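Consider the two complexes below, in which subunit A is the common component and subunit B and subunit C are the respective partners.
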Partner chain A sequence: IKMHEKRNTKQKNDEKTPKGAVPAYLLDREGQTRAKVLSNMIKQKRKEKAGKWEVPVPKVRAQGETEVLKVIRTGKRKKKAWKRMVTKICFVGDGFTRKPPKYERFIRPMGLRFKKAHVTHPELKATFCLPILGVKKNPSSPLYTTLGVITKGTVIEVNVSELGLVTQGGKVIWGKYAQVTNNPENDGCINAVLLV
Partner chain B sequence: MALYNFKKITVVPSAKDFIDLTLSKTQRKTPTVIHKHYQIHRIRHFYMRKVKYTQQNYHDRLTQILTDFPKLDDIHPFYADLMNVLYDKDHYKLALGQINIAKNLIDNVGKDYVRLMKYGDSLYRCKQLKRAALGRMCTIIKRQKQSLEYLEQVRQHLSRLPTIDPNTRTLLLCGYPNVGKSSFINKVTRADVEVQPYAFTTKSLFVGHMDYKYLRWQVVDTPGILDHPLEDRNTIEMQAITALAHLRAAVLYVMDVSEQCGHSLEEQVELFKNIKPLFANKPLIIVANKCDVKRIAELPEESQKIFEAFEAEGFSVIETSTLTEEGVIQVKTEACDRLLAHRVDTKMKGNKVNEVLNRLHLAMPNKRDNKERLPFIPEGAITRKKRMEVDTPKRKLERDLELELGDDYILDLQKYWDLMNSSEKYDKIPEIWEGHNILDYIDPDIMRKLEELEKEEELREAAGEYDSEPESEDEEMMEIRQLAQQIREKKKLKILQSKEKDTRGPRMPRTAKKASIEHVQRKVLEKEMTDLGLDMTNKDDAHYVRRSRSATRKRKRDESVTPTSVARSRSCSRTPRDVSGLRDEKMVKKVKTMAKKAQKKMNRLGRKGESDRHIFDLKPKHLLVGKRKSGKTQRR
Partner chain C sequence: EPAVPQNMSPDEDVQRLLIQFRDEAGESLGSPFDVPVTITPDKLQLVCNALLQKDEPVPLAFFVHDAEIVVSLEKTLAGQSVETEKVLDIIYQPQAVFRVRAVTRCTSSLEGHTEAVISVAFSPTGKYLASGSGDTTVRFWDLSTETPHFTAKGHRHWVLSIAWSPDGKKLASGCKNSQIFLWDPATGGQIGRVLSGHSKWITWLCWEPLHINPECRYLASASKDGSIRIWDTLMGRCDKILTSHTQSVTCVKWGGDGLLYSSSQDRTIKVWRSQDGVLCRTLQGHAHWVNTMALSTDYVLRTGAFEPAEATINPQDMSGSLAQLKEKAQQRYNQVRGQEPERLVSGSDDFTLFLWRPAEDKKPLERMTGHQALINQVLFSPDTRIIASASFDKSIKLWDGRTRKYLTSLRGHVSAVYQIAWSADSRLLVSGSSDSTLKVWDAKTKKLAIDLPGHADEVYATDWSPDGQRVASGGKDKCLRM
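Let's turn to the complex of A and B:
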């Protein structure tokens, strides 16, 4: 089927044929450019599959578990290794309360919890410090999304009431998505670009 | 009092310099070497230190700036007003406020990043965090560029302000521009203010100092004031107004009678009336300057009436000319006297006087009979006092004579000779007289006269004329003198003794000997004391006696705690180093064995010292030869 999709097009390349008589052993075959042209249809389908968003940071390096989660040893002889501590910047909601320490598997340290992000509006070219509402998707793993880990390329939801945007119908927009553009654990701050 | 500290404000660096300074300091003063393979806590500490160091530096410097600059509320209102006029109070306060905010922001940044760095798990991450932290701090300072520039300019101007003490005696000169205020101050004090024919030559306040009645006086020269309402005044005039408003001084309102300044007499009078409220409670004198050009008597009637009106109101009008110096001293004395009287009055009315008055008491001696005894003042003092007041020179000095005669002057000391016959003063002294050389003249009776004189002196000495009064010395002094005499005798004896000693060759200095023996012999000490007269017979129990071990066991002590004289035959005042700090023999032995053990490794490896890292065998055969079959190729 694939072969059917990619037709070999043979086009006559006029420019390469020399003008005037040429001896037989110098005769080239007519320059043919064999181009594999993908059919339009396939292109369209791929685009759709990639999602409805054209994001500023399309591809990110996937973060492995060993990078994001650090093993914490517990127990009398420090043998048990079922707890994990997040080493990247994360976001926990307002009403967040920890599970009882004995049972919590993932530890999100307070020093790494951030509430605000520096969001740039791509058209206005202005940056605002907006409170984060939540983490929408972390490209590396759905586990990180549920934990609220923010790394480069994460899509977060921010509170844009400060910008004063209004819909067509007259309603005030107060939440929008933004994508993180830096490595927050290296810079100590979350820089994001608003997805308009 | 922030008065004189205006000169000691620290230099405010520009933003760029500030950043460069602090960053290079961090670079130099914190360790710079770090490797990836170090332990993570070491890496973290290394970078945290840098962040903290930078934060600390910025903080310190900014605090220094904030404390050095005077707070407008704390200084004397005269200076506060002057600074407001010159630098705009609001701008000044805002600039300092911004610096304060910057300081707090930097502190917060430092704190945050140090907190984040605790979770750094790699060198790269910690390094990036440190970079972000320092970068943020530097951006904060970059934003303060304007404030820092402004503060630096303020500081430079402040340090050049004249030091006017607002509380001391001051004379204030005011008036239109170009009337002669600066010339006046140049005449009266040692100040050297610029005097030029154009108006507003003086653009700021100037101070000069002068002496009168053994007191120091300040004379303040102000820029000229023009006649328009307060709101329209520019910075230069406002300085004059500030000085007028806040300094409690005698005001000398200078007017130009000849109208050479470009303003008529009426205008000057108008100005006077306008600023009259500022003269409340200050002694005022009207100085009619430039009288060498035109005197008041030469003025038309109406103008003269003005001056008469002034006199009527009670302000004294004095004509002066700074060119011919006429009347200048009169103005000075009048102003100073009136100011002094005014100050004394205010002090008397105040509260502090009573404290002083309570403590003063004038003691009058009791009269023992009815005879009047007036105070005796010798004639010379009275004449001299009169002359001081009149201020005439006492006598013609040689210097004056020299200045007068100029080139013709010859120093003539012979006129001061005191001869029996004063007409003989200028006679030539002959060289040979009656066949004798005058220079060889010796009185033939000179020896006899000398002997007589000496006899007289002896008689005088015997009579006790040169003795010091015994009654003037009390017992203490007598004792001290006696003691001093004894000490002197003893010293001489010692010197003689040491000279008698038979020494050949170099001798050790006393200190070395002292260290080796470490104590003064008991016998020597006792001998010296008996020589001085003390009783030293029964001194076996004295503190300076060295005792053997048995004698010291007077108190009960623990068996383990033995006296410090351990393993020594003779006790000394300083313990030898190899047993200092050790309790008993067991410990000493242990210490010795430990020392020997520590040396074993060095000896075995044949090392010359701690830093000797010479490898004798760089390519040991057992490691580098053969296939990797058996062991012995550790980490090759």
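Let's turn to the complex of A and C:
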């Protein structure tokens, strides 16, 4: 009968202890501004071994050559049409020097060269402005990868040393891959999502 | 006349100096005599041991004008002008006779807890290991096989702090529901009744020292509700309640001279008489929460009658009658304390440390600045010569325990350093950090000795066993590593 009477009343649930146990010295402090940055290392190693990359933007529209490269006419009569200018955002490395202008086939304008990307950590939901280390793969064409063209869906490598990540072996991680999620040539900035 | 070693025969072109050996308290040993300037610490050690006339030669370190003599007297005096007329004082410091070897590898990873491990402690003799966790259990681990021994269930919330009684026969654990349980390490069972009385969670537990009461009867507990309770564990009830703090009490320490020290988030440290619970003094000076305190006699109060130099490979329980244990603990305490009263160092959220002599004065002796983020833990080395402070600015700073001068910064961690522990001979220091690694530092060379990676997530608690054989660490990844 007692149980029948109690059926509608709410009892304090004192069985479950909350998760996220912290020691006494951390109790009065707000939860860390970084949430758990080290996700499961073993799973990641297994994924890397299998060669499978789970990317947040799996399918992108392939960009044709006429869209990415603009024909530049040169010569006295402006008849020669072997030079191309890149119309999308690109990344050139630190020690980049142009080839002699008479011989360079692909022109990458300085105004379209970017060094930093706004990278979002998918679990922390925090965005950091990190320097780009290189372009790993452009889904449209391997030619664009070698040129360093960054379009939507490109996988780039970014310098994450300021995040303070550490591997299980005790080494500090300084480079990670991220995938670009916007069209940088339209927005003027590169937004990417970190691949953890 | 002490026997002078053969190779000290005078060279005509080497300068000679008059030296006088003095101990740390300033008393002179023997009479002044002259030595060549190129003398090395080994020869100084031979002479000093001969003067001390001890049965076995004791390893010694020599200091002149606060600089240690490492290679030869000449090199140490290189920058300074030496007056050959005056007698030079050389201060000798006996080092621990035993040496603790650095821990180099992880021997095992003990799983068992189902939530983060938040406190880890070795018993005073190093025989047992206990760990408290967020899954509300306290686990005892068998050290010889490195496997789980007992699981003590009873708490209903995270076990925030654990403390061994100085005779190693009882373990007290406090939880976030403000309850205190007592456990027997030999059976894993509960002793006595649950001690409840606090209204908010327990932040720190501290037993009465062995040399005051060899039965280990009284226990002090500090809580977020701002009060300190002294419990009578035999009767299972609260003996005294010390209220005066206006905010959470972060740490309570039972000194060896009959005084109780408590630090709080209300920026003060209060000194109480443990006999009757009367407030003696309030030490003010900090500008923000006082997080942690350390007494110069902490280590010897923790180990009680156990002498780390006599440790064996298989740790044993201490034997002997209560009177013998009390006598031994009193001797060890007097030896470490020396002539001066106990010193107290406190670390705070205002990035500074204060050194006090709480039994005498309510003004601080020194304010030690230098850290760039809050200080999480301070510890005196077991021989009380060095103070180590671990901070959220990723560094550990070492300070001289006597002169309070800054010695060095140990950098290497890439994020906040949470806890540190000294080895029993004061030569090595281990630190656990939120970057999931532990690092062993050499206090002599002030450099990193060994890096101990392996944890998958933050390391919340670290402890070095008093017999020097093992280091245990537990953290957010729920496993305990030895």
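Convention: the second predicted complex is superposed on the first by the 145 of 196 C-alpha atoms of A that agree within 3 Å, B and C clash if a C-alpha of one lies under 4 Å from a C-alpha of the other, contacts with A are read in each partner's own complex, and residues count from 1 in each chain.
We adopt the following convention: a residue touches a chain if its C-beta (ideal position, glycine included) is under 8 Å from a C-beta of that chain, and two chains touch if they have at least 3 such contacts.
All of these numbers come straight from a predicted model, not from anything done at the bench.
When both complexes are overlaid on chain A, the residue A:A126 reaches neither subunit B nor subunit C.
When the two complexes are overlaid on their common chain A, residue A:V172 makes contact with subunit C while staying clear of subunit B.
In the superposed model, A:G164 lies in contact with subunit C only, and not with subunit B. Contacts of A:A81 after superposition: neither subunit B nor subunit C is touched. Contacts of A:V71 after superposition: neither subunit B nor subunit C is touched.
A count of residues in subunit A touched by subunit B and by subunit C gives the higher number to C.
Subunit A residues in contact with subunit B (one complex) as well as with subunit C (other complex) do not exist. Here subunit A touches subunit C in the complex through residues 14, 17, 19-28, 32, 36, 38, 40-41, 164, 166-172, going by the rule given at the top.
Contact residues of subunit B toward subunit A in the complex are 112-113, 115-116, 118-119, 121, 124-125, 128-129, 132-133.
Within the complex formed with subunit A, the subunit C residues making contact are 115-116, 118-119, 133-136, 156-158, 160-161, 201-204, 224, 248, 250, 265, 289, 291-292, 376-377, 414-415, 418, 434-437, 451-457, 460-461, 476. For subunit A in complex with subunit B, the residues that touch the partner chain are 70, 87, 109, 111-112, 183, 185-189.
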